[in-house]
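Chains: A, B, C and D, in written order; residue numbering restarts at 1 for each.
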Amino acid sequence: MAGNSFGDVFRITTFGESHGEAIGVIIDGCPPNITIDEAFIQSELDKRRPGQSKITTQRKESDTAKILSGVFEGKSTGTPLAMVIPNEDQRSKDYSHIADKYRPSHADYTYQMKYGIRDYRGGGRSSARETAARVAAGAIAKSFLAQFGIHVFAHVSGVGKIEAPNLATHDIDELTALRESNIVRCADPATAHEMIAFIDAIRKAGDTVGGRISATIQQVPVGLGEPVFDKLHADLAKAMMSINAVHGFEYGSGFAGSQMQGSEHNDVFVNPDGDANNLKTLTNFSGGIQGGISNGMDITFRVAFKPVATLMRAQQTINEAGESTEITGKGRHDPCVVPRAVVIVEAMAALVIADHLLKNQLYDPTR
Amino acid sequence: MAGNSFGDVFRITTFGESHGEAIGVIIDGCPPNITIDEAFIQSELDKRRPGQSKITTQRKESDTAKILSGVFEGKSTGTPLAMVIPNEDQRSKDYSHIADKYRPSHADYTYQMKYGIRDYRGGGRSSARETAARVAAGAIAKSFLAQFGIHVFAHVSGVGKIEAPNLATHDIDELTALRESNIVRCADPATAHEMIAFIDAIRKAGDTVGGRISATIQQVPVGLGEPVFDKLHADLAKAMMSINAVHGFEYGSGFAGSQMQGSEHNDVFVNPDGDANNLKTLTNFSGGIQGGISNGMDITFRVAFKPVATLMRAQQTINEAGESTEITGKGRHDPCVVPRAVVIVEAMAALVIADHLLKNQLYDPTR
Amino acid sequence: MAGNSFGDVFRITTFGESHGEAIGVIIDGCPPNITIDEAFIQSELDKRRPGQSKITTQRKESDTAKILSGVFEGKSTGTPLAMVIPNEDQRSKDYSHIADKYRPSHADYTYQMKYGIRDYRGGGRSSARETAARVAAGAIAKSFLAQFGIHVFAHVSGVGKIEAPNLATHDIDELTALRESNIVRCADPATAHEMIAFIDAIRKAGDTVGGRISATIQQVPVGLGEPVFDKLHADLAKAMMSINAVHGFEYGSGFAGSQMQGSEHNDVFVNPDGDANNLKTLTNFSGGIQGGISNGMDITFRVAFKPVATLMRAQQTINEAGESTEITGKGRHDPCVVPRAVVIVEAMAALVIADHLLKNQLYDPTR
Amino acid sequence: MAGNSFGDVFRITTFGESHGEAIGVIIDGCPPNITIDEAFIQSELDKRRPGQSKITTQRKESDTAKILSGVFEGKSTGTPLAMVIPNEDQRSKDYSHIADKYRPSHADYTYQMKYGIRDYRGGGRSSARETAARVAAGAIAKSFLAQFGIHVFAHVSGVGKIEAPNLATHDIDELTALRESNIVRCADPATAHEMIAFIDAIRKAGDTVGGRISATIQQVPVGLGEPVFDKLHADLAKAMMSINAVHGFEYGSGFAGSQMQGSEHNDVFVNPDGDANNLKTLTNFSGGIQGGISNGMDITFRVAFKPVATLMRAQQTINEAGESTEITGKGRHDPCVVPRAVVIVEAMAALVIADHLLKNQLYDPTR
C-alpha cells in the first residue's frame, strides 16, 4: 500500500531520509548463492555520489553501504539482504531557512498536505538521496544478471537542447569506456564536451537544466514480461518514472514512432541461425519487446529529466502560514542531475529485469 | 505474479481471449453503496466498440457487459463486482491463415516462446479486445470519482505528423462536446477534419498510422500518490504503458521540459483563496504532481501509440517451423487505434485515481 | 486489500453471492500446457454439491462450472483461467423473513456494519456457496500437482464428540474408497456408521453439530514454504481458517504436542536410501514441515468446524432497528457441514501446495 | 513472494540472522503523527530478551532497537520506519559443532535443501531471534492501537499438561499485574507457581516442554476483517502460525466448539445500550468474529507451542554427508519458550489489528 517497495520476486524496500540516521534497503527474494562483491557495490555508489566533479553538487559524502544480513561467507543465502548507508555530512542548519517555506516545484507542500508532518531537512524522504539505496540494490541485481550475460548500459543522450547522435557501437565495454571518459557521462565525447561547457555556464548563472538518459539492455532472453498489466515495458516505465525529476519515458520507437506508418514501423522477422526458437528482427522499432514480452533483441528506452528545482537565486513562494515569501537556494546542489542519474537508471532497469527473469522461470515451458 | 491484475485497493483482474467464450473483469475493493449505472457502462463500451465509423475496423460486436455479482438493488455492496462481455462475431476461420505464422510486430512469437502454447485466433490474450474489460471497470471508477467531482478527459491530440493545438477551454462538458463532434475524437474540429482525411487515405492504401492521446484530470484533491515507488505519475505511466500499442508516456512538461532551465520551469506557488491548505501554482509544468503526490492542479499527461501492426498488404515473416513465409492481413482491422483508445486511456486513468484516492484515506491527517 | 484473492503465484480471485447471477473464480498464474479435465472438475463439485444425502441440505443445484477463458484445445495457456457457476435454485422468497433480522452467529450484523449494505438472500457473499468456486479452482490445482505425484487426502475424523481412530493405511486409493463408501466421508466405516446416525438424530431435532476434518498431503518435495511469515503451515492455516465455520487448525503434533517434552517430540533423522538429499524422520510430530519448509515427509493437519448456525427451531435475536425479535430457520440447511467440506479442505490445501511449489522454483539451488 | 513481509497497509519486513551483524525491521505504512516512545519499545523487547530468569536461556543480549528513519521530532512521518537491533553476544564458536549436522526438529535440513546454503550459526534466519524485530514493530502497532483504546493481552495458559483456569478478570491492568508477578507470565499465580516448578525440573533434566498462550483483544471496533480470504481470524491464524514452534491455533470456541451443537453454540444478540449499531452477544463462542469480521465483542484465541527442539542431552542424527552422527546441545537454550513468547503473540496480534483497522477505513460506510 505505502509505496516504498518495488518488484515482486526480486523485491526491494527502501527507507531513510536525507538528514536522518541512515538510508538503506532490504532485498527480499535475492536468489541464494550469488557472489556479493562489496567493491562493486561501492563502485556503483561512487557513480552516484555527490562531489564527483565541477558539474555536480560539491556536497561530500562517502556513501558506504554496510551489509547487515543475507550474506554468509561472501554469498547470498536467500534470506533478506539488508544494507545501510549512514548519513554523514548532514549540515542540518543549511535547511533551517526552509523549515516553513514551500520550495517551488519541490515536494514540500504535497508532503505537508498528505502527511501533516514532514522532515524538511534536505527534502527528507523526497530527497534524491534515497536513490543511493536503489543503486546499492541495483548493484546486486547486476551481479545476478551478469551470470546470464545480461548487461544494462545507460548514458546521457541529451542536456537541454543538446542531443547526442546515435551510439557508434554496441559493445558494452567500449561504450562504458567512452562514457566514463567524461564527467557528464555521454558516450559521445564531442557532444560531452559541449554538454559540460553548457552545464558549467548554467551553474555559474545559478540556474539548472534538464536532460535525457538513453539505455540499452543486451542479451535479455525471450519471454520476460507478464501481460496484460505487468508488461516488461510497463514495469520499466514505472521504475523510471519513480526516479526523482523524471517526466517522461519511451521505449523502442517511442513518441517518434507514433508519427510513423505501419509499413515502415513493422519489424520483419528473420531466422539468421536457422533456429525457430531464436528469431531476430531486421529493425527494432519494438525496442526488444512485443506484446509486453522481451523478444531477444536489445531492449532500448529513453528517460526525460526535468531541470533541478533548487536555484541559487531568489524565488517567490508561499510559507506554511500561506504568506508570500522569498527563498534562495543554499547548501550545495546539482545544476543538472543526469550525470549522477545514469547509474540510477541502470540500477532500476537491472531490478526490473532481475524481477522478470525470476518470474519467467514460473512459466518457462522448457523446464 | 502473473500480471492480470491492476491496482491495490480498487483492484481489477481481467480475463479472456479475443475469440474465446467471453472476456471480463472482477473489481475487488469497489467501495459499497455506489450507484451502478449500466447504461453509462454501455455508453463507455460503445466508445471503444468496433464498427463505429469508416476509420475504425468494420468488425461488428455489441460489447454488452453483464454484471454477475457485487451489486444489490442497484448499488455496489463492497463485495467483488464481476462483469462478463460475451464474444460474438468471432469468425475464427479468418485466422486459420496465421495459425503457424508470426505476424510482424505482434505478440505471436513472444507468447509462443514464453508459454509454449497460444490461442492464435485474433491474437488471443494479446488482442486489444481485452481492453473492453478495462473500459467496463473504468466506467465504475468514473462513477465513484464523480462523487468527488473528479473528471478525466482525454482526446486525440496527434495522428501521424498532425498535431492538435492546445485545448481552447478547460470546461469538461465543452471539451467532450467538441471531441464527440467528430469520429477521430479530437477536441479541435479543424484538426479533426485533417486527421480523418489522413487516416482514410492511409486505410485505402492498406497501411496504418500511429497517434497521440492527451489527457487532463480535473479536481483531484491534494495528496494522491505513494512515494517513493508508487508515485502518482509512475502508476499513471504503468497504466498507460500497459495499453496495447503504447510506446511512450510523459506528464506535465514531459520530454520538452527536459530541454528547459529551472528558472523557466519552476511553478511558482500562489495563495489565491488565502487558504494555506489550498495553494495553486502560476504555471503547471509539474502536471499537477510534485514529489509523486497530486498538488491540486490539473493532472496532465500524453500517451504515444505506435501504428497498428496488421497491414492489408503482403509482408515477409517466419513461421513456427522457422521458415520464411508471407502474410497478408485478413479480417477487419483499424487503420489507426487512437479514436477507439481515448476511452481506454480515460478508463485506466480513472482506475489509477480511484485506487490512489482510496489509499490516501489511510494517511489523510485531517481524518 | 479487499480479501477475495488467495495465493501469490497460483492465485485465485473468487466472486459471487449465494442468490446473485452466478459465482465464479479467476485463476491467474496457472502454468501453461496443463490438461484441463472438465469431468474431473465436475466430480469435485459434486462432492460439495447440496442434496447428496439425507444428512446434507436437500437444496438442489447442479453446480456446473463453465470455463470462459485460459484454455485452448484442452490445455491451459498461461493466461487467466476464468470459471463461472450459475446460481439456479435461488428461491429468494425463502429469505424475505430475514431481510431485516440478524441471524445469531451468522455474518448478517457484521456485514451490515462494515459495508452499510448487504445482499441478505442466503447470506449473500458470506454464504458457503462461495466455496464452490474454490473447489473448481482446487480441481485444477490437483491436476497440476498430480503431474508431480502429489496427492491431497482429507476425511471426516470427528463429529461432535465422536472421534475416528488413526488411519489404517496410507494408500490414497484405499483411503478414498473407504471414505467414499459412506455419506459422512469418514475413512473408518465403523465410525462413519456412528457419525451418520448421530447427525441424523441431530437433524431430526432441528439442531446442528460441529466436526473435524483431518488431512494428509503425500509426496510433497522438500523445500516448499517461504520463511519467516509465509511458512508452509502458516499459509495452510490461513487457507483453512478462511473456510466458513472453521474455528481451529493444527498441524503435526498440534495442541497435543504442546503437552509433550522435547525428548519424546523430536523427530530423529534417518537416511534409509543412503541419499543425503532425501532424509526421512522416524516419527513425524513435525507434520512434514520444519522451520516452515516441507521436509519430504507426509504433511498432516486437522481442522475444526463449529456447528451450523441456522437451526430449524425458534431463536431470539435483534433486527436492524435494534428491536428484539424471533427467527426460525427456513429453506434447506445442513445439520453438519463436514461431509461436504472435505473437498473444500482438499481444494484449499491443493491451492496452497501448488502456489508454494511454483514459488520454490525461484530458489531451487539445483536449477 | 519471498516471505519476509507481513501485513498489507501496516506492513513490516524483517531481516537478519541470529549471528549476523544485526536484525531489524522496516514498517511501511505506519500512519503519520504517532508518538514514538522508545522507552516503551525497549520495555517490550525486555519481555522477550534472553537471560530474564532461571527458566529462560542464560544468554545475555541487551536487544536495543535503534530507529534509523521515519521519525521526526518524536513523531512518525508516514515514511518507512526502520529499526535495527545489533547482535551482541554471538559466541559463534558455540555452533562450530553443528556446522555440518542436522539438528532434529530444527530447520537445518530444510534450509539446506531449499537454499543450498545456510548460516548455521544459531540457526541463522530460522532462529527465534528474528522475533525481536517483530516485537519492536509490535510496540509501535500497540501505540497506534492505544489511540483507539484497543488493547492486546496474552498470558501463558498452559505448560505441558498443566492448564490455567479461565481468567478471573477482564481488566487489562489487573491481568497484566497478575501476569508480570511471576516469571512464567501466567495470570493465575497459583498455576504459575506449579508451571515454574515443572519447567525448572524439566530444565535440570536437560529436557524441554511445550505450552500454550491465550490472548484477548479488547475494544476492537465492529467491521475489521476482509472476507472471504483475509478474514480477521484467518490473518490472526497466519500471524500466530508464523511464530517459531507454533503448531496450533484456535479462536473463540475452537476445537472444543467442534464438539458442540448449534443450539448451545450460537451467540444470542442483545441490545443493551438501545443502539442498533452497537449490539452485543450473551455468549462469545464466536470469539468476537463473525463471518471473518469483528463484531465488537472481545476477540479471543489460543496458540500451541511445541517443546524446544534443542536438548542438553545426546541425540542421534544425520550430517550433511548423510552419515549417522550424534549431537548434544551446547550454548544456552530455553527449556520452554512460552514465557518469552507472550510478548511475541501480543506483537503479532497488534500488527494484525493495526493492519485491519487501517484497511477498514476504506469501507467504513459512515465516512
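One rule holds in what follows: a contact is a pair of C-beta atoms (placed from the backbone, for glycine too) under 8 Å apart; a residue touches a chain by one contact, two chains touch by 3 or more.
All values reported here derive from a predicted model rather than from experimental measurement.
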Exercise. Pick from A-D, B-D or A-C: which interface has over half of its contact pairs in common with B-C?
Worked result: A-D
Problem set entry | Interface residue overlap between copies chain A and chain B, same or different (over half shared) | same
For this session: With chain centres taken as the means of their Cα atoms, state the distance from chain A to chain C in Å.
Result: 46
For this session: For chain C and chain D, let me know how many angstrom lie between their CA-based centres, rounded off.
Result: 26
For this session: Calculate how many whole Å lie between the centre of chain A and the centre of chain D, each centre taken as the average of the chain's C-alpha atoms.
Result: 39
Seminar exercise, completed: Multi-chain contacts in chain A, i.e. residues touching at least two other chains, fall at 1-2, 4-5, 8-9, 14, 29, 32-33, 78-79, 114-117, 125, 227, 362-363, 365
Exercise. Hey, how would you classify the chain contact layout here, line, ring, star, complete or other?
Worked result: complete
Problem set entry | Residues on chain A engaged by chain B in the complex (per definition of touch) | 1-6, 8-9, 14, 102, 104-107, 109-111, 113-117, 125-126, 130, 158, 160-161, 202, 207-212, 222-223, 225-231, 233-235, 237-238, 240-242, 247-255, 257-263, 265-271, 274-277, 279, 281, 285-287, 290-295, 304-311, 313, 315-318, 320-324, 359-360, 362-366
For this session: Sort out for me which residues of chain C touch chain A in the complex.
Result: 1, 9, 29, 31-33, 78-79, 227, 358, 361-363, 365, 367
Exercise. What does chain D use to touch chain A in their complex?
Worked result: 1-2, 4-5, 8-9, 11, 13-17, 20-24, 26, 28-29, 32-33, 66-70, 72, 75, 77-82, 84, 114-119, 124-125
